[in-house]
Amino acid sequence: MKLQHVVESQQFTVPLLMELFGRTRQMEKIAARGGTNDYHNRIMATLFYQPSTRTRFSFEAAMYRLGGRVLSTEQAGFFSSEVEGEQLEDTIRILGGYSDVIVIRHTQAGGAKRAAQVSKVPVINAGDGNGGQHPTQALLDLYTISRERPIEGLSIAFIGELDRGRTVRSLAYLLSKFERVKIYFVSPPEMQMKADILEHLEEHDVWFALEQDTAKVLREVDVVYQTRIRPERLTDRGSHGRYTINASVLQTMKRDALILHPLPRTVEIDKSVDEDPRALYFRQATNGLYVRMALLTMLWDEQ
Amino acid sequence: MKLQHVVESQQFTVPLLMELFGRTRQMEKIAARGGTNDYHNRIMATLFYQPSTRTRFSFEAAMYRLGGRVLSTEQAGFFSSEVEGEQLEDTIRILGGYSDVIVIRHTQAGGAKRAAQVSKVPVINAGDGNGGQHPTQALLDLYTISRERPIEGLSIAFIGELDRGRTVRSLAYLLSKFERVKIYFVSPPEMQMKADILEHLEEHDVWFALEQDTAKVLREVDVVYQTRIRPERLTDRGSHGRYTINASVLQTMKRDALILHPLPRTVEIDKSVDEDPRALYFRQATNGLYVRMALLTMLWDEQ
Amino acid sequence: MKLQHVVESQQFTVPLLMELFGRTRQMEKIAARGGTNDYHNRIMATLFYQPSTRTRFSFEAAMYRLGGRVLSTEQAGFFSSEVEGEQLEDTIRILGGYSDVIVIRHTQAGGAKRAAQVSKVPVINAGDGNGGQHPTQALLDLYTISRERPIEGLSIAFIGELDRGRTVRSLAYLLSKFERVKIYFVSPPEMQMKADILEHLEEHDVWFALEQDTAKVLREVDVVYQTRIRPERLTDRGSHGRYTINASVLQTMKRDALILHPLPRTVEIDKSVDEDPRALYFRQATNGLYVRMALLTMLWDEQ
C-alpha cells in the first residue's frame, strides 16, 4: 500500500483513504504544537505553471510544519526557458536531483501524469488543466466531511460551473468508492458536469441527478459543495442569483448541513453566511494543510 | 502593552517605542552571531501585491535570523486569482491557517487595516498605497536616529516628493510624539506634504515649516531625510538639482548631521556622498532587519 | 588561496580546482545522507534579473543541503523598483546587510563583477549576459568530466550556437589551464566562437580547430559538449539536423565518449540518446548541486 505519486483521485482506495485520514488527525495535533522536525532534511520543489498563492502556500506550509525546506516558483511558465521549447520531462528529471518531492500545477490535463512517469522522486498533482484533476483538494474536501459524518449514505449537491470544476471532478471520483452516496449536480445546463464523470458514476452504481433548481435540492442534502460562478459565463446573465447562498437560502437548509467551497469565492456565497456554524469553508482550507502533511509522510515513510 | 498588529505608526506610544528600541539593540547582537533558533516553528507569509525585493528580503531575513520559515510572494496581485474578484479578507483568513504572521504590502491605502480586522494571526503593514503608510520603515528610521542622538529637540528636514511619500508620512506621525521637534518640509510647491499630516502636527503642537529652498534649511538641521525625486514630475524640469545632495552641499551641512534615505535613490544623493560619515542610509537599511526582528518577537511573545 | 567571490572562470587556478573537486566529492556523500546542518545560520540571497528556475533551484538546494536559508527572487528585474533607475550597486550594498552570500544572474556581461566590487559578502555569478560568463556551470562541467577521466590530454567538441554560449566560453577558459587539451568548435559559420576566446587559447598554446562538419569530429573526440541550436537562427534553416545527436550519430562516436549538455535542450539531442550510458547530461545537472555546495563552503570557511 506504498504511495508513490499523487496524480489523480481514482488511485485512492478506501483503505488508503482511511490510512490518510488517520494520519491527518495526527497531523492536526502536530501542527497545533507548531510542527515537527522529523523531515528536516527533505526538500520540496513547487513547480507552478499556473499561479495559485493559496494552494502553493498550503503545500509549502505543510512542508515547513514537517521541518523541511522549499524550492518555490510562483509562475514557472512565465519565467522559465520552457517557453522556448524546453521539455517538461527534462525539467522533472533535473529537479529530481535537487528535491525529495515535486508538487506540480500544470496548465494541461495530464501534465502531472507525464511528470510522474519520468520522476525519480514522488510527484504530487496540485491541479492540471481546467478539465484535469486536483486530487489533494478532493482529499481535503472528503476529510472535512468525514470529520463531521460518515461518507456512506451521504447526500451532496455540487453547485456552479461544473464543466470546468476540476475539484468537483476529483471529489466525484472519490465519492464513487463509498456506498449509498447520492449526488446532485446543480448547474445551468450549459455548464453541467461532463459525460465522462457521469459515466463513471453509472458504472459504479452511484445515484446522481442533474438539476437546475437549487431551491429543491438545498433543503434535502447533507453537504452543499458550492463552486465559483462567473456571471459573465451565464447565457442568462442575471441568473447567477439562483445559485447563490445567502441568509435566506440558509434558512431552507438542513440544520446540520455542511457548506463547503474550494475558494476563492466571488458572488456565490454571501459574506453573511460566514458566521453560520454550517459554513466550513475556512476550516476546509486549513484541513488542506493537515492532509498535505499526511500525504507527504505517506510518500516518504517506509511501509 | 501587548502588540497585536503593526498597521500604522500612530499606534506606537513612546513607551512602546522604547521597548521596541531596547529589543532592537538585543537583536543587533543576536544577528551579529548569526541569529537564534528560538522561533524555529514560526511561519511568516509575505503577501506583496506591489513588488519590493528589498523590503521583502528585510522581513524574510528577520524571520530567518529568528530561526523561522517563510511563505513568499514576489507579486501576489499579478499571480493570484484575486484579479478575478477574490476578496482580500478571504485570502487573509485562509493564510491565517498556514502562518503565524502575515506581512502585507497592498496597493491601496487601508489595505493592511482591512487585513488586520479579519486576521487571526498578527498582520504587519509593509506599505499600503502611495498615500498610505509604511510604519516599519518609520520605526527603523527613528531607531537609526535614536542610536545617534535624542529625538527630543531634534530638527529634521524632509526633502523630495512629499505628497507621495508614505515613509515621510509615517515618520512624521512618530516624531509628533516627542517634545520640541522641528520639522522642515522641503519640496517643490506642487509636491508638498498633504494637509492631513500638517493638521496632525498642528494638533500636537509640533513646529514645522514648508520650504522650497534647501540651502537655507540644510545648514541648520540635525537630520536630512532625503527621498526620491523624479525629474519628470517637476513642473520646472531642470530644477531637481536644487534638491540634490552632493559634495558641495555636504560642506554646508552641520558636522554631525545625519543623512537618511529610505532607498532606492536615483539622482537625489550623489554617490560621492556615500563615503561621508554622515551618510547613514546603508546602515539604516540594515537597521531595518533588527527592527523587524524585534517587532516579530513583540507580536509573538507573552507579555 | 581563500576564495572571495566567484565571478569568472579564469580566476580558478588548477590547485583551486583540485581543492574544489575534492570538496565536491565530500558533498556528494553529504547530500546522499540528506545534507548537513553546519551552515544553519547562513542566508543566501538569489538575485535573478533573468529567469532560470533550474539554475536558481540548484543554488538554493545546495544551500538547503548545507542547512541554510534562502531569500529568493524569480525575476528581480521585472518586479523591483530598479526599473525606475535604482542602482545595482545600492541593491547589493543593502542585500549585504541581509545575507551571507549573493547569487546574481544579471542581464549584462560584467554585472556580477560590478556587484562583487561593492559587496561586503561573497558574490557568485550565476550567468551574466549572453556574451558574459556562467562560471559555476563551467565548474560543474569540468567536474563531471574529471569524474570520468583526466582533463590533461582531453579532446572535446563544442557544438551549437557558440557565439552566444556563455557556458562554452567559461569552460574554454578553464580547459586552457590544462596540458594537451584539443578543442573543436563545431558551428555554422555565422555562429562560431568569438575572437576573444580564440585569442585566449592561442596565448595559452591550446590546440583548437573551427569546424562545420560534426560527422568527422564526433568519431574522434572524448567529450561531446552539445549546446542549444535554435533552427530559426540558422541562415540555412533546414540545416539544424547536421548538428543533432541521435541514435545513428551515437554509433559513430567512441565507445567511451561522454555527452554533455548544459540543458535545457530542444531539438539538438534526440530523446533516444537519453538511455545511452554515454549520455551524462542529467548526472551533470545533479553534479551542479554538489559543486555549488562545495563553492559555498569555500567562500565561507576559514582557510
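Letters A, B and C mark the chains as written, and numbering starts fresh at 1 in each.
Simple rule for what comes next: contacts are C-beta pairs under 8 Å (C-beta built on N, C-alpha and C of every residue); 3 or more make two chains touch, one makes a residue touch a chain.
Remember, predicted model here, so these are calculated numbers, not experimental data.
Novice: Between subunit A and subunit C, two touching copies, which fits better, same or different residues at the interface, with half of the numbers shared as the threshold?
Specialist: different
Novice: Report, in degrees rounded to the nearest 5, the angle of the rotation taking subunit A onto subunit B when the C-alpha atoms are fitted.
Specialist: My answer is 120 degrees for the C-alpha fit.
Novice: Nearest whole angstrom, what separates the Cα centre of subunit A from the Cα centre of subunit C?
Specialist: 40
Novice: If I count partner chains per residue in subunit A, which residues reach a count of at least 2?
Specialist: Residues 72, 74-75.
Novice: Under the stated contact criterion, what part of subunit B meets subunit A in this complex?
Specialist: 40-43, 45, 47, 69, 71-76, 78-82, 84-87, 90-91, 93-95, 97-99
Novice: Quick check on the complex: what are the subunit A residues that touch subunit B?
Specialist: Subunit A reaches subunit B through residues 34-35, 37, 51-54, 57-58, 60-61, 64-65, 72, 74-75, 230, 263-267, 282, 285-286, 289.
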